[in-house]
Structure formats: structure tokens, C-alpha cells
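Naming follows writing order (A, B, C, D, E, F and G), and every chain is counted from residue 1.
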Amino acid sequence: MYPVSPQAYDRAITVFSPDGRLFQVEYAKEAVKMGATAFGMVCKEGVILVSFKNIQSTLLVPESMKKIFSIDDHIAATASGIVGDSRRLIDYARVEAQKHRVSYNEPSKVETVAREIGDVMQLYTQYGGGRPFGVSLLIGGVDDEPYLFETEPSGSVIGLNAGVIGRSKKEGEEFLEKNYKKGISIEEGIKLCIRALKKTGESPITKETVEIAVCTTKEGKFKELTQKEVASYL
Amino acid sequence: MYPVSPQAYDRAITVFSPDGRLFQVEYAKEAVKMGATAFGMVCKEGVILVSFKNIQSTLLVPESMKKIFSIDDHIAATASGIVGDSRRLIDYARVEAQKHRVSYNEPSKVETVAREIGDVMQLYTQYGGGRPFGVSLLIGGVDDEPYLFETEPSGSVIGLNAGVIGRSKKEGEEFLEKNYKKGISIEEGIKLCIRALKKTGESPITKETVEIAVCTTKEGKFKELTQKEVASYL
Amino acid sequence: MYPVSPQAYDRAITVFSPDGRLFQVEYAKEAVKMGATAFGMVCKEGVILVSFKNIQSTLLVPESMKKIFSIDDHIAATASGIVGDSRRLIDYARVEAQKHRVSYNEPSKVETVAREIGDVMQLYTQYGGGRPFGVSLLIGGVDDEPYLFETEPSGSVIGLNAGVIGRSKKEGEEFLEKNYKKGISIEEGIKLCIRALKKTGESPITKETVEIAVCTTKEGKFKELTQKEVASYL
Amino acid sequence: MYPVSPQAYDRAITVFSPDGRLFQVEYAKEAVKMGATAFGMVCKEGVILVSFKNIQSTLLVPESMKKIFSIDDHIAATASGIVGDSRRLIDYARVEAQKHRVSYNEPSKVETVAREIGDVMQLYTQYGGGRPFGVSLLIGGVDDEPYLFETEPSGSVIGLNAGVIGRSKKEGEEFLEKNYKKGISIEEGIKLCIRALKKTGESPITKETVEIAVCTTKEGKFKELTQKEVASYL
Amino acid sequence: MYPVSPQAYDRAITVFSPDGRLFQVEYAKEAVKMGATAFGMVCKEGVILVSFKNIQSTLLVPESMKKIFSIDDHIAATASGIVGDSRRLIDYARVEAQKHRVSYNEPSKVETVAREIGDVMQLYTQYGGGRPFGVSLLIGGVDDEPYLFETEPSGSVIGLNAGVIGRSKKEGEEFLEKNYKKGISIEEGIKLCIRALKKTGESPITKETVEIAVCTTKEGKFKELTQKEVASYL
Amino acid sequence: MYPVSPQAYDRAITVFSPDGRLFQVEYAKEAVKMGATAFGMVCKEGVILVSFKNIQSTLLVPESMKKIFSIDDHIAATASGIVGDSRRLIDYARVEAQKHRVSYNEPSKVETVAREIGDVMQLYTQYGGGRPFGVSLLIGGVDDEPYLFETEPSGSVIGLNAGVIGRSKKEGEEFLEKNYKKGISIEEGIKLCIRALKKTGESPITKETVEIAVCTTKEGKFKELTQKEVASYL
Amino acid sequence: MYPVSPQAYDRAITVFSPDGRLFQVEYAKEAVKMGATAFGMVCKEGVILVSFKNIQSTLLVPESMKKIFSIDDHIAATASGIVGDSRRLIDYARVEAQKHRVSYNEPSKVETVAREIGDVMQLYTQYGGGRPFGVSLLIGGVDDEPYLFETEPSGSVIGLNAGVIGRSKKEGEEFLEKNYKKGISIEEGIKLCIRALKKTGESPITKETVEIAVCTTKEGKFKELTQKEVASYL
């Protein structure tokens, strides 16, 4: 169309570039790429989330640096990108999930929660006065069966069999595309995620820096693995 | 009039260019052209929607990537452009359709729903502080007879016998102009859309990447074809 | 006064140029000039509206592309310019006309409706945060006698014996100034408009692309001519 | 003070220039100078308004192009500048005049009405987000005696024996300063205004393009002269 | 500090310059300097206000060009600068004075009124979206004894024995500093103001262009001098 | 970090510079430096405030140019910088102090009042649309013992034994650091402040230009010294 | 991606840079680095906070320059950066803590308070019209066991065994990483912090410039050490 310099269109979320792009949304995705890598996977018996956390100092309390957040008993999420942004989205989803329980006397569907988060994220791409969320989420859970969704700064929501967000999204996805098989067991799924995580170069991979949560179809509740259990997979 | 550089007038939706154009609306239409191609068609016995979905990874769950959205029993829509934007419009239309049922004790007309969507889209072309919707919709349905409407970022609403949105709108329309005949049967209509879709170069065309929904005048309800049924047309 | 470059004053509706012009209003008038041509005429027995519609594809449903809009039984309007903008103004006028009926138990005067539309259009030329309406309207109707008004982006409202808006406003007006006579019959008036329309170069002139509506003083209700009736004038 | 380029201070109504000028108000006065010329005069037996209207096409209905507007029985105004802007001010003044009648059970004073209009105009010179009114008004009327006031874009309100607004304000005022005498009769006053109007070069001066209204102290009501009466003065 | 160009800091009221100045307030003071000169003086028996009015045309009605405004029986003000701005401040002060009478069943103090005006003026120097008032006021009155205050665009309020505002503030103040003595009689005070006015070069000094108002401690009410009385001082 | 030009970050209060500075707050402090010098001191028997006022014209009424403001019986403040700004803060503090008395049936603590003023000042450093207060205050008072606080444009609040604000803050502080001793008597304290004031070069130092207020622990009420008492210290 | 100059993206908090950074948040962290150094530490018997205060003048009242703020009986915080900003956050946390006590009849958890502060800080990084808080906080307290959290301008909240904020954060953390051991006694912890503080170069280290507060698990209440107690550690 016209010779386009991104600089001319990338200062405000409310401005399309001549080729129809929203640069501020694209830049927000770059913020996601600065976050630690996290994995999600639908397995035969449930869904798993596996997150790396960046603990660079012995002064930090690893337990306080949660990377996997419970939204409701049967739904959890892991995030990559700006930490404060993800906390806001998780808090929002928790409230919505509780309101759903109160209003309809039943737990939310995983997809409903994922879409509610995506809707909020979309709003911040269409109005001036704010900025898009600089964060992607993997939202896993079990209602009639195990589900996994990814939301990202544009507000799009995608259903996944297995997914990766953060610094090593691309390498992680390539690895999973080659190695993931539908119907994989939770046991094998966790091992696969750990293998993928090791390939991404995140380090050190220790029982303190890896967080794993599992929700089986049978129990319908997320459980975080203990450090000892995590260690058994490394 | 004056020598005009688009750059001077294309940063804000509230500014006309000297020749009376709204560049931000035109740029939003470019965002639509980045979306996957979708078709709609009025046939003898009803109306059909045929959408392609871009599934580039085996990690994706095709079923979760809906391209055809039910608005009411007898009205559905397919969208091309920014995914999050279309979700907002569809949600809005669903609520309006339900309010109409409650207020008037009768289903909405297809045209009414299309105009309500178009009205919202127009608002975002006239006020600052936001941006136009980066999405076009084909809205199909049956009330007294089958109807198809297209809405686009400017908020214009057009009645169609057959229509195309997305990446291959131009090629698709040229194909349909040559091959579509009024009174075509649903059976033939679906085949024609598939032929058109194949011509656009979208690929791969498989039972997972093509979504088809049909609403017959007789039944007055949209039904999505099963993957098996879709396969039978490919 | 000072050497003036329009660029310096044409980005915001709230800014006068040093010579007292509002460039954004002038640019909005350019948007009107991109619309299809429409005619209105006061005749001996009533008022007529004759509009051309641009149907460039066989996929379009001509009936859905209304160019003449009923505002109340006895008042109708035709518009040139941005389609979505005119829909908003017409919707506004319809509501006002109904409120008038409810409040005063009598139909609105044609001039009242025209001024209400003009008032809304004026507002959008004085406040920031929005843009002027990119549309002109011919508003015809009968109360004590037949009336025709034109409103345009600046919000001005003019009473006319005969008027033209859209792409060929200038040529159309020159033609009518030469050929229109007060007291012309509806029959002759329609013929004169068709002749004018043919002169403007709009094409093709067919029973599908020309829309005609008539309101006689006697009946006091607008009636749209059937395609067959239209054809009889071509 | 500093070398000043007007361009640096003339984009916003909320910005003073280094020498204390408000350029946007000055530019709005330029818009007034593009309007047709109008006269007002205090005479022995009452007050008169004489306005020229620019009727360049035989398609126009001269009666619809009112240049003198009744505000209340005993108060009328004529305006030069942006037509839509003057309509808003007149509408505002009418409502205020009616509210005054209802609240105090007596008609408004001419000066009160003029100041109310000036107050609104001043507001638009002090706040951002809008623009000044591009219009001047001559407001005439009779309460205890005949009065004439002029309001202009800055919101100033001036009492006058005789006044001129619009394109030929300067020439008109020079003519009246030479020829107007206090205690002039209405008959002579109208003649004087017509002579002044002819001197300004506005043309054609005909019974259709000149509008005259008179309010005598005796009757206390404005009456518009018929075209025949107007013709008798030309 | 840094090499400072005023241009960099003088477009918005909300921006300090590096040396702590508010340029927009300083520019507003320039607007005051364009206004006609006015004097105020505390005398032995009361307080006086003497204002010049610029009557350049015989078409003007001098009585309508009030330069001294009553705020309450015992308080009056005269203003220099933008006429519409001063009207707003006077109207505000009148309402506040009346509210004070109603709330406390006693007249306002002169100082209270002056501070209320100054408070409003200060607000317009601290918030964006508006501009400072381009006007200074001399507010005179009598409560327990005669008082005179000056307010200016920054919102500062100063108590004065004698003061000057407008075009010739500087010359006027120099003259008064040399010639004013505390305890001067009203008679002598008026004469002194007239002498000062003549020195400033304002012309013509006539009974029509000079407005004088006096409030004696004894009567506690402002009275405007008749033109005849004014003439006796010239 | 980067080569930084202050100009790039000093136009808005809501923008940090790359080295973490808020230039608009720093510029507001420059406005304070243009104000007259004022002193505050905690003494053995109470707290004192000593302010210089700039009286450059015999036309001014020194008594009206208050530099020390009572906030409550036992709390007073003196200000340097923009006069109108300080009046707003003092008014705010007075209202808060009265509300405290009504709510808790006891007088405010000096520190509470100082912090309330500082909180308001901080707000204007964090939000756009306004500007910081261009003023510093010394707030003195007695509750359980004598206190003195300084607030400045950033909103910081500091407890002091002795303090200086305004034009000669730096010289004044250096003088006091050398000469102030804790437990100084009020008598000696006032003398010390006068000595400091004389050193700063403010002139003329007379009983009219120096304002002194004292609040003893015993009486718990601020009293302003008469001109005669002031003179005894000069 | 593109050659990026930070200047292009660092003026507004609502704008991402092309590589996904929020420059205004990074600049706010620079403001924190200008603040005095403070330490926090989890010890065997409780949690401690040790803060340095910059007392450069004998005129200051050290006791008034609080660096450790009580939020509730069992929670306290110390801050580095803009003083007024920290006061706002502390005030907010105090109110939230009291509301928690009233609503749930139990004290807040330390983590809850830290997250509430972080949530407010995050908000100011996502909306225009304000600026991020230029402050970091160390929040210590005891509920079931001793906790320490750090919040910073981005709104992130980190759990720590020991932490440092302010001018010497980096050196302080390096020192603590080498010397801190989990299970350290309060006695040793305070000594370690003092050693660290001495290493940072802050001076003078005296009983007036060092503030220490301790909360033991046993008592569950914060106590500030007296100057004498502080002196015993120096």
C-alpha cells in the first residue's frame, strides 16, 4: 500500500497500521517472550501444567514464587510475561468462577473461564487509555473431560492438546509437535514436558525451579506435586 | 484538492482525509483480509455457511477453533479478521437476540440482528478513544425466508445472495459471480463453496479445517455438519 | 491573514483555520461526494424521492440495499455518503418522530424532523472526540403541503423545491435549475429526475438500481414504486 | 515579548499567545465575516432587523431560509456566520425565554436574553474539547423601550443604537455612523438599512433576498414584513 | 538551569517551565493589559471606583457598556481584560454574595468576596482542559470600613489603598504612589483618579467614557454617579 | 543510561525521566524559590513562625498581605511560592481541622495536619490533568509539645527543629545550622530568625514587612505579634 | 526487530516498546535507586526490618523521619524511593488491614497485605493519566510464621528470606547472599544487616540514622528498638 514505518503506528493501541496490524498487541507478545517457559498438556487421565521458575538468588523463597495458580478446584492456570498483569487476570477469573458457582450452583466449564479471560484481554486492545496485558496464560482443567486453553495479549483463545508459552514457546512447540501423542498418560506427559523444558535451555532445572500440577478426570481437583514428587521426574 | 499524504490523516478514527476518506476504517479492512476465508449462500431450501480454519499445528484442538457461531436457533454467523473482536460482536448479538425473545415473545429477524451488529461497528468509526472492529461477518439465518448479510468495519450492512469474507474475498466473489445461480439447492451450494474454497489456495482442505452449517427453511434451526458429513463434500 | 497551510488546521473538528474555515466539515462533504446520486422534488400533487443505487455485483440483493428510508408514514429520506452514518441519523429521526406522536398526539412536521437531524449533525462539528457525519440527506414529506429539505455535514438545513445530493450534485443541480418548474406534476417530476440521473453518468440505470418513492398531499403516505412501475419511467 | 508565530498558539482555544490573544476566537470571527450582512436599528417607535439572504439557486425555497428568528413575542435575532451554530444559540435562547415566563410570570428583558446568549458563547472560549461559536447575532426587542444588542464569538455583549454583522460589517458601520441619527423613524430606519445594504455590494437585492422584521414599542410584538411590503422599500 | 525557550513550556497551563514559571498565566496577564484602564481608591469617607470605557463608535450605547458592576449593595467591581470572562466572575460573585445573605442572614465581607473570586481564578491555573481567566478585577466595598482588593489571573488577591488595572496599570500606579495620601476625601480621590486617567493617554475623556461609583461608609451602598456628576469632575 | 535531554521528559507530571526524576516536581520547587523567605522554629516554650513580605508599593495594604495563616487555634502555617496555591492548601487544612474537631471532639495533631497537606500535594504529582502545587509550607503548632513541619511540592513532609522556605532557603538553613540550639527561648528564637532574615538580603526589614506569630505550650494558641512588638525585635 | 530508540516509547506508561518493555516502569525503578537503603530479614524467632535514614542537617527531627511504618500490629514495612508515594501505599495498606479485621474478625496475612499493595502498584502501570509508583517496599510480619515480601514499581511481589531495597540494593544483596543463613537468630540478623549497611557506604551510621524494628513469632507484634538499643548494635 504505502511505504510503512512501524514507528508511525505503534504508539497507541487504538491505531491500525496501513496493513491492518495492531503493533502494540504485537509488542505485548514480546513481553510474553521475556517470561519463563511453561507447559500444559491434555493426557489420558487428566490435564497437567508444568512451569519453570527463574530463581536467581538464594534470598528468594521459592514457594512464594507461584507459577501455577488455582482458579477453582478443577481449573488452574500458568502464566508467562509481566507478573503483575497475570495476577490481575487470575484474580478476575477466580471471582468469576465463584460467581458462577453462586449463580448456577455448579462449577464453571474450563472453556468458559478461558473465554472470560480472553474477553478482558481483548477489551484492552480496543480502547485507548490503557495497554494490552503483557501476558499469555495456559488454562487447564477438567469438567466433562480434560481441557487446555491458551489466551494471549490479543484476546484470542485457542483449545490445545498440548501447549507452551514464554521464552521458549517456539522450540517447545516444535518438540511437542514431534513427540506428543494423544492419549499419553499423565506419567509420560510430565516426563515429556520435563524433557522439553530441558531442551529449552532454562536452567537450573531443580525441584525448586519446576512446578507441576495435575488434575485427573477421576478426582476433578488440581493437586500440586511436592518437591519430592517433582524431583522424581528430573 | 491538496497533495495528500495518508500519513497525515491516518492516526485517528475521528479524522477525515481531505478527499473524505477514513483511513483507519480502511486499515481495519486490511485486518479482515488477514483472516481465513469464509462463505455464505442463500439456497433454495435455506442458507449455508462454509468456513475455512487455519490449523497449522497438531497441538491445536480443531473443535475448539469454532469459525461458525450460533447467535440464536435460526441465526448463525462466521467471521474473518481479529478473533477477539468477532467474539465480542457475536456475544453482543446473542444477548440482543435473547432480549428480543423476552421483550416481544418472538425470534429476531435476521436483518435486525445484522443491523444491530452493524450499528455497533459504526459507532467505533465515529468516536475517538477506541478503534474500529477489525472483522467482517457473514450472518445467515431463516425467518420468513433464508437471508444472508455481510457487515464490515465501516458498519455497512449488505444483503447478499452469496458472499465471501477474508483473505480470498476478491477471488471468491469472482468465482461465485460466475457460478452462483439463484435457487441453487443446499447440496449444490455446499459443493460450490467447497470448489470456491479450493480455488482460493487455502490449505489443507480437510474435514478438520472446513466447518459447514446449514439452516433449512423447513426446520428453521442451524445444524453444523459432522466431520463425516463435511468429508463427503471434499 | 497569514500564509496558511490547510494541514495545520485540518486534523481536529474543534479547530478553526485562520480564515475561519472548519476543514474537517469540508472533508466530510467530500465523503458525501463519493456516494451515489439522489434526487428530491416538490411537485404539484406531492413530493418525490428518486435514488440511484450502486449494484456492482450479482451477488447483492438489491432489495436489501435500501436508499430511501421511511421516517414516519408521511416523511421519508434518501442519503448519500457513508452508509452506516446515514443509518444512525435515520434511526434517530424515526425515534424522534414516534416520540412526537406519543407526546403531542399528532405527526411531526417535515421541517421539524429535518431540523432535528441537522441539530445532531451540528453537534458533531463543535465537539472533539468524534467526527462529523459523512452524509447528506434529502428529507421529503407532506404535512399541510409537500416539503423537501436538505441537511449536510455542517448541520445546515435548507428548504428546496428540488435538490440533488451525492456524486453528481453539481451537474444534477444545474440540470434541475434549467428544467424544473414549480407546479410540475409528479408524473413529469419523476421523468425529469430520471433524465437528470441519466445525464450524471451513473450506470446502469435499471429498475433494480433506481428507487422511487412518492407521497401525495392527498394520501399523506409515502409509497415506494414497484420495480415494474420504476421500469415504466426508464 | 518573544518573536511570535501565530501557528504556535492557534490550535487550541485553551491557549493564550504570548501577547495575550486567543487566536481561535479571532479565527471564529473570520467565520462570521463569511456570512451574509445583517442590520439592526433602534428607532423612535421601536426596533428593526434587516437581513440579506444569499439565494443563489432557483431550487431554494426562500421562505425556508429564515435569517430573522423569533426568540419570544417581543424579541428577535438575526445571525451571520455558521448557520448550524446560530440555530443552536437561538434554540437555547427560546427555551430560556420560555423558562423565564414560566418562572417569573413575565417576559424576559432583551438585555437578559442577550447576556444569556453571550454567556454560552463565552463558555466555548474557555474550555477545551469544543470550539467557539462561529457566529455573531444582532438581538433586538422591546421591553420598557426598544433595545439592540450584538453578541460575538468571544462572548462579549454590546448595546447598540444601530449595528451590522457579517461580510460587510465594516463598510456598513461606517455608513451608519455617518447617516444614523437617534430618534430616526422606523420608516426612515428601514430605508437607511436598505441604502446601506445596497452599498455593501450584496446582490441581488430583491423582495426574496431581503428579510425585514419590526417591533414597535406600542405593539411589543415582532412582525415580519411581507414580500410586498419589503418590495415597497427597495 | 537549562537553556530555556519559552515556547517549550507555554502551551499548557499545567506545565511549569524549568525556572518555575507558568507561562500561560503570564500570557493571560497580557490579555488584561489590552483592557481599558480602571482605578479604585480607599478614601476617608468610603471607597471609589473610576473606570474608562472605550467607546469608539457613535453606534454604541454607552450605558450598555457597563464597566462597574454591582456585586451586592455594598460591594462593586470593575474589570480589565476579556469582557466575557469578567462577566462570568461577576455573576459568580453575585450568586455567592446572595447565598451568604441567605445562609448567614448578613452581608458578605468585601475580603470574602475578593477571595472567592481569587479562588475560582486559581483553579483555572492548575487544571488542564481550560484556560486562566484573562481579566483582573478591582473589588471595592464597605463593611466595617472601606476596602479595596485586586485579583488577577494567577488567583492572587491583594488588599490596596489605591489600585490600577488595565492598559496603563504601570503609569497609573506610579502616579498614585506619588500623589495618593491615606485619608484623602472622596471628592479629592475622584479628582486624583481623573488626573491619573488623563495622564494615561486614554481618550476621549468625556462624561460618556468615564464611569464612577462611590460607596460611603455612612450609607454602605454603592451609587453610580450620573453623567452630569461625572462631567463636574472632568 | 541514555544521553538524556530534560526537555524530553519535563512536559508532563506523569512521566519519569530515564534516571527516575520527575522534572515537573523539580520545576515546581523553582516556583517556591521565587517566594519570599519564611522561618519556623521550635523553642523551649513553644513554636514560632517569622515571615517576610514583599511590599514594594505604598499602595498596598500590608495587613491584607497575610503570610502567616491560622489553621486552627493551635496550628498555623506560613508559605512561599504561588500565593493562590498556598491559599487552597490552607483552606483545605482548615476544613480538615474543623472536621476532626467535630468527628473526634478534640483538636488535630500538628503532624496529622501536615501529613494531610502533604497527601494532597503528592496526589498532584502522580496524576495528569493538573500540575503540582508551586508552594512549600512551614506548619507549626502545639499539641502535647511544640512541632514544626515542612511540606513541599513532592508531597514529602519533614519534621524540623527549625526551618526555612522560599528565596533564601539555602542561606537561611546554613545560618540556622550554625546558630540554632535546641531549647532556645522564644525570645532568642525570634531574634535569631530576624538575624537570619537580615542576612538573606530581603529588604526592607520593617515592622510592616515582617510578620511574627507565636504559640506557647502553655497557652496552646497562636498569637500574632503587633507591629509594635515586631518593631521591638528589629 | 526494528532499530529502537527508547525515546520513542518512553513517554507514556501505556506504550510497549517493540521488544516488549515498559520504559516508564523501568524509569520508576531508577527513582527507587535514589532512596536510602533498607533491609529486611526472616530470622529464627521472627522478622526484622533495618532502615537507614538520610539526615543531612541538624535542623531535622530524626524521629519525624520514620522509615519503618506499622501497617497492623503484626505487619510493618520500610520503603525506598519517593517519600510521598510510599506514604500513600502505606495508608492504603493500613485501611485494608483494618477492613480485614472488621470483615473477618481476624488479622490479615502478611502475604495478603503485600499482594494488595502490589495490585495497586500494577494498576498504575497499565492505565494512562497517572504514573507508576516510584517506590519499592519491604513488607515484614508474622502470622503462622515470619514472612518478608518485596513489592516494586511493576507491581510484582516476591517472597524473600532476606532482602534489600534502595540505593545499594545490588551490593546489599550480594553481601546477604554470601552471609545470610536460614535459621539465623534475630540478634545475629540485626548484626548482619548493620554490617551490610556499613558496607554500602551510607553514612553516618548512628543511632539516629538507623531504624530497627522486630516482630517475634512469640509476641506477634512489631516493636521498634530504642536509640539506645540501636546503638548497642553499631
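Methods note: a residue touches a chain if its C-beta (ideal position, glycine included) is under 8 Å from a C-beta of that chain, and two chains touch if they have at least 3 such contacts.
As the structure is a prediction and not an experimental result, all values here were calculated from the model.
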item: Minimum number of chain-to-chain touching steps separating chain B from chain E; value: 3
item: Same-site or different-site touching of chain E by its copy chain F, using the half cut; value: different
item: Intercentroid distance (Cα basis), chain B paired with chain A, Å; value: 30
item: Whole-Å separation of chain centres (CA-atom averages), chain C against chain G; value: 67
item: Centroid spacing, where centroids are CA-atom means, of chain C and chain E in whole angstrom; value: 54
item: Multi-partner residues of chain B (each touching 2 or more other chains); value: 12-13, 128-129
item: Arrangement of touching chains [line / ring / star / complete / other]; value: ring
item: Direction chain G, origin chain F - full chain order round the ring; value: F, G, A, B, C, D, E
item: In the complex, chain A residues that touch chain B; value: 1-2, 8-9, 12-22, 111, 115, 118-119, 121-122, 125-129, 149, 154-163, 173, 176-177, 180
item: Residues of chain C defined as touching chain B within the complex; value: 6-7, 10-13, 23-24, 27-34, 57-61, 63-65, 82-85, 87-88, 91, 124, 128-134
